[in-house]
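The following pair of complexes shares a single chain, chain A, combined with chain B in the former and chain C in the latter.
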Partner chain A sequence: MFQNFRLSMAWLHTWFGLVLGFVLMVVFFFGSLSVFDREIDRWAIPSSRFAPQPMPSFDQILTPAFEKMQPAKEAVALLEGRVNGPLPERFELATSWGAYTTHRDPVVSVFAGFKVPDAKDPEETVFAVHALDPRSGAVLPQGQLRIGSEFFYPLHYSLHLGWKDLGYWVVGFSALMMLAALVSGVVMHRKIFREFFTFRRHKTVQRGALDLHNLTGVVALPFHFFFAFTGLVIFAGIYFPVAHTQLHDLHEQHERVEAQATGLPHERAGVAAPMASVDAMVAEARRRWEAKGMAGDVGFVNVQHVGDANAYVSVYRAGTDRVALTGEGVHFKATTGELLREDPPRSAVDSVNEFLTGLHLQHFRHWLLRWLYVLGGLLGCVCIATGFLFFVEKRKQQHAKAGGQGSRVVDALAVTTVTGMLVATMAMLVANRLLPESLADKGAWERNVFWSAWALTMLHAVVRGGALARAGTNPAWREQCWAIAAGALTAVVANALTTGDHLGRTLSTGYWPVAGVDLSLIATAVIAALVARKLAQRARRSSSAASSAPAALKTAEARHG
Partner chain B sequence: MAEPVVLLTGAAVTAVLGLGWLALAMDVHWEQVHGDEAPSVAVAKALRIAGAFALALSLGLCLGSDHPSMAVLVWLMLLAGAAAAVAATLSWRPHWLRRAWPGPRRAPE
Partner chain C sequence: MPPIALLLRIGAAILGGYAFCWGFIAVAHSGLYGLGMPFHDAEHLSAILGVLLYLVVFLWSFAARRIGVIWAVLLAGGGVITGAAALIQRALLA
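Presenting the complex of A and B:
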């Protein structure tokens, strides 16, 4: 098919990179934001702007909260058709209670699982999920969207395409092809070392774009490779869903055998029994970690088979001191507080898996590495964006001459995924600050603003794309840069006006989650404005050059315009 | 052991210096910085050795600050950032790198 290996690699890199690049751009950008998801949550929900708290008392704070929890109406609505008979008004039988926090969270995530009576699948469970203020035990209002951890982060791995989990599959396929793009990119790039530091921005746009594409791809190659790879490892259970399909019975049997081996009951006994003090169990777990020389912050507490004689409590450590995502779980009999099991040392396979997942999910406490991950993610964005630019620059003259629409379409999509995505993000943050707190289902409004703004940027990019027919530059790039700058500054000002947490206050009190988001927005605004100005200068230069161009060219322009 | 912030700052500085020296060992970048023809063979060799040594020192400083598994990640990411910084400097402000290594002595005109 191709004359040589390098040409076939180039074909693979160009076309898969182009098609999946649009997905990967979203994955890289919102992945970068997800590094600071908890901080963006603080910015978006002013009532959660206080210092990170340790896991609160289970007996005093969490148990009363769990006892009041009920699944949200939307979660119950999803059960329609999965139950014989009508859906219940209240769910009485709690199967599990869990509380989760990290060193960056002021609020605790609490979730209660309920058995669904008369469900077609006997294991059907419906969950109630809340954010809880650990100082008072009050749950935060449900309509408020934690934009960082509930919107940007899921967008990173699922694109919010819930139907049949399609988003997971699209992202997974893109990650797989990204690994192929990295390998094929290295094969195509003849001067990896000789041009390692090369960025010839004074030459043509095409040259500059390719240099920057190579540079950002090569210098962060380990990052790109490991993040695509570990992303796939994390979702391996989704991509190979054998445990719940082909091997369903074996999986059930394995759970039973495992329960026997660990002494952690697989089923309820069916006999009601009260719970002993969970706080005492947590204290015992911490004592055991300390004896092993490990930092003792509690990350996750789970009660299984709540209220039953077979209930057990599992206490997991927040592994902030290492990359590997480990819990060193300690498990107790809930009715007596007796120790049932301490997780044994991990096998080699587990260790590798936990290191790889921990590397991607970053539960560690290391601010420099967090920022370096943001840098890696943004270098990835630059790499993809310059890939689009190079694709268009290389072909636009030819397409303009032949009257083809190819580069116009690609350019419009590139504008939408590069600047349009930022415009949508800014619009969402501005909406978050301007919509009233009391608005029922405020989160749904914010989502609508995000998607609508993004759709508008696409329309804008398509409408303004006529310049490509004359092999020019789409002015939408410049105009959307101005929109980004304006949006980012508006968000900072709106935050100061609606919450009083202006930079003067957040910086002087050292409240970095909010100050950091504001400063990043200002930096974004400055960069976007500089880019817009540069593009405007270039547009002026090329239009004055065009006006002195020979008449024949002008007629050609008129014909295509 | 020194404070992690000192060690990590040192690691970042040595990463930039190390990659800067490795870049200067290349003819085209030496010319960008010093406006002169290629470095002599001896200078290029010295630059390469100094660069490799600085990068090794950077890794050592990372290891002094964190658990080895974390230190390797920090170092690799610092290298990515430092390489991008060196490339950007070479493109916009190449003369900044003159201080990293003395250029050839110019004959008085």
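Presenting the complex of A and C:
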């Protein structure tokens, strides 16, 4: 069908890269922001602007909070149709309680799972999730959106398309196409080493875009490959749910065997029983880590079968000082505090898996590497965006002559996913600072601002796209760059005015989460303004060139008209 | 190139590739578990290899000359190994 291998790979690269590139742009950009999701949370929720805290006392702080928790209305609403009879008002039977924190978290994430009575699936569980102030035990209002970890981060891997997990599948397929684009990109360009050192900035936009596309693709090739691949590995259980479908029976058998081997009960006993001091169990777990020569902080505490005679407590060590996430679980009988089991050392396969996923999720403490991740992610964005530009530049003359709309549509979508995405992000941050803290469902308003602003940028890009019909440049690129610069500066000023945490204060006290977000916003504003100015100069040059040669243009038009 | 040939190729790469990798993951998972590897180790290892295999068969679906061969290998091959996984599971549960 294709004449040769190289042409088949070029076709694949061009068309799958184009179609899925719009998704990949979102994935790469919000993935880059997610590297600092906890810091963006601090910026967005001023009441959480304090220093990271260790895991608080379970008995004093967490248990009273868990006992008051109930799933949110939205989580309950999702159960519609999965229950025989009406949905309950209150959920009484907690199946599990969990508390999770990292070295960057002032607030602890707490989640309680509840059994759903009369559910069609007897294992149906509904969760209540909160951020909790570990100093007081107060939960943050559920209406306040942690923009970094609850909006940008899920946008990175699920696009917030909840229906049937569609977003996960779209992102997963895009990641596979990223891998395919990397392989096919290498196949297409045999002189990869020479192209690596080629950047013809002063030639045409088309040459410059292609050179930058090759350069950013090649220089960060291992980074791009690794992240797309490990992203797929992290969600492999969603993409290939073999163990929960075809091999479900084998999985069940394994779980029963394992419950026997580990002594951790698989089921509730059905007999209510009070819980012993969890703090004592945590202290014992820490003593055991220290005895193994790996003293560390608690990252995750989980109580399974809450309030039952079979309840057990699992204490996991935080992965602050290594690539793998939480681990070294120590498990106790909840009613007595008696040790049930200590996790054995990781197997070889488990170590590889933890390394792959841990390096992607990077919960460890290494600020330089964290910034390199941002750089790698943004290089990916440049690679994808220049791919769009090259696609348009290569075809727009021909489309303009033939009256085709192809490059106009692609260009409008490129504007939407490159500058439009940034405009929407800035609009959301500005809304976060300007909407009153007391507003119920403030988070929902912020989400609406984000999606509305993004939709408006698309409309703007389409309306302003007429220039492409004359093989020109869409002025929406320039105009949206100005909008980005204005939005970013407004966000910085609004943060200073509404919270008093201006850069003078955050820099002098060394509160880097907020100072870092502010400085990044200012850097974004400067870059956007420089780009806008450059684009304006180029537009002036090309319009004066066009007016100085009207005769030639007319003959050309006459010839093709 | 006729659109139908292109659609057949895209379909083979996406759907055929998925079916084939599903079969691979199922047979590797149950097979490795049967050979004594811990359940979740077998699950992770087969998933890691399965994802890389998907990339390979996806590219192959565009590079290979004959579309019929692609579909035959992916669907029939995928079916056979998926069936093999079912048999391994049955043997292990017995």
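The rule is short, and it goes like this: the second predicted complex is superposed on the first by the 549 of 561 C-alpha atoms of A that agree within 3 Å, B and C clash if a C-alpha of one lies under 4 Å from a C-alpha of the other, contacts with A are read in each partner's own complex, and residues count from 1 in each chain.
Operating definition for what follows: a contact is a pair of C-beta atoms (placed from the backbone, for glycine too) under 8 Å apart; a residue touches a chain by one contact, two chains touch by 3 or more.
Only a predicted model underlies this, so the values are computations on that prediction, with no experimental measurement involved.
Annotation for the three-chain superposition on chain A: chain B and chain C fit side by side.
A count of residues in chain A touched by chain B and by chain C gives the higher number to C. Touch criterion not met for A:Ala515: it reaches neither chain B nor chain C.
In the superposition on chain A, A:Leu372 makes contact with chain B only, not with chain C.
By the document's definition of touching, neither partner reaches A:Ala424: not chain B, not chain C.
The three-chain arrangement built by superposing both structures on chain A places chain B and chain C 90° apart around the Cα centre of chain A, to the nearest 10. Touch criterion met: A:Leu179 reaches chain C, while chain B stays clear of it. Of the two partner chains, neither chain B nor chain C is touched by A:Cys481. Looking at the shared chain after the overlay, A:Thr216 reaches chain B, while chain C stays out of its contact range. Taken over all C-alpha pairs, chain B and chain C come no nearer than 19 Å in the superposed arrangement. On chain A, the patch touched by chain B and the patch touched by chain C do not overlap at any residue.
Against chain A, the residues of chain B that register as touching in their complex are 8, 19, 23, 26, 28-29, 66-67, 69-70, 73-74, 76-81, 83-84, 86-88, 90-91. Contact residues on chain A toward chain C in their complex (touch as defined above): 1-2, 5, 8-9, 11-12, 173, 176, 179-180, 183-184, 229, 232-233, 236-237, 240, 242-243, 246-247, 249-251, 253-254, 258, 347, 349-350, 352-353, 356.
Residues 194, 196-201, 215-216, 219-220, 222-223, 321-324, 355, 359, 364, 366, 368-369, 372-373, 375-376, 379 of chain A are the ones touching chain B in the complex.
In the complex of the two chains, the chain C residues touching chain A come out as 1, 5-6, 9, 14, 21-22, 25-26, 29-30, 33, 37-48, 50-52, 54-55, 58-59, 62-63, 65, 67, 82, 85-86, 89, 92-93.
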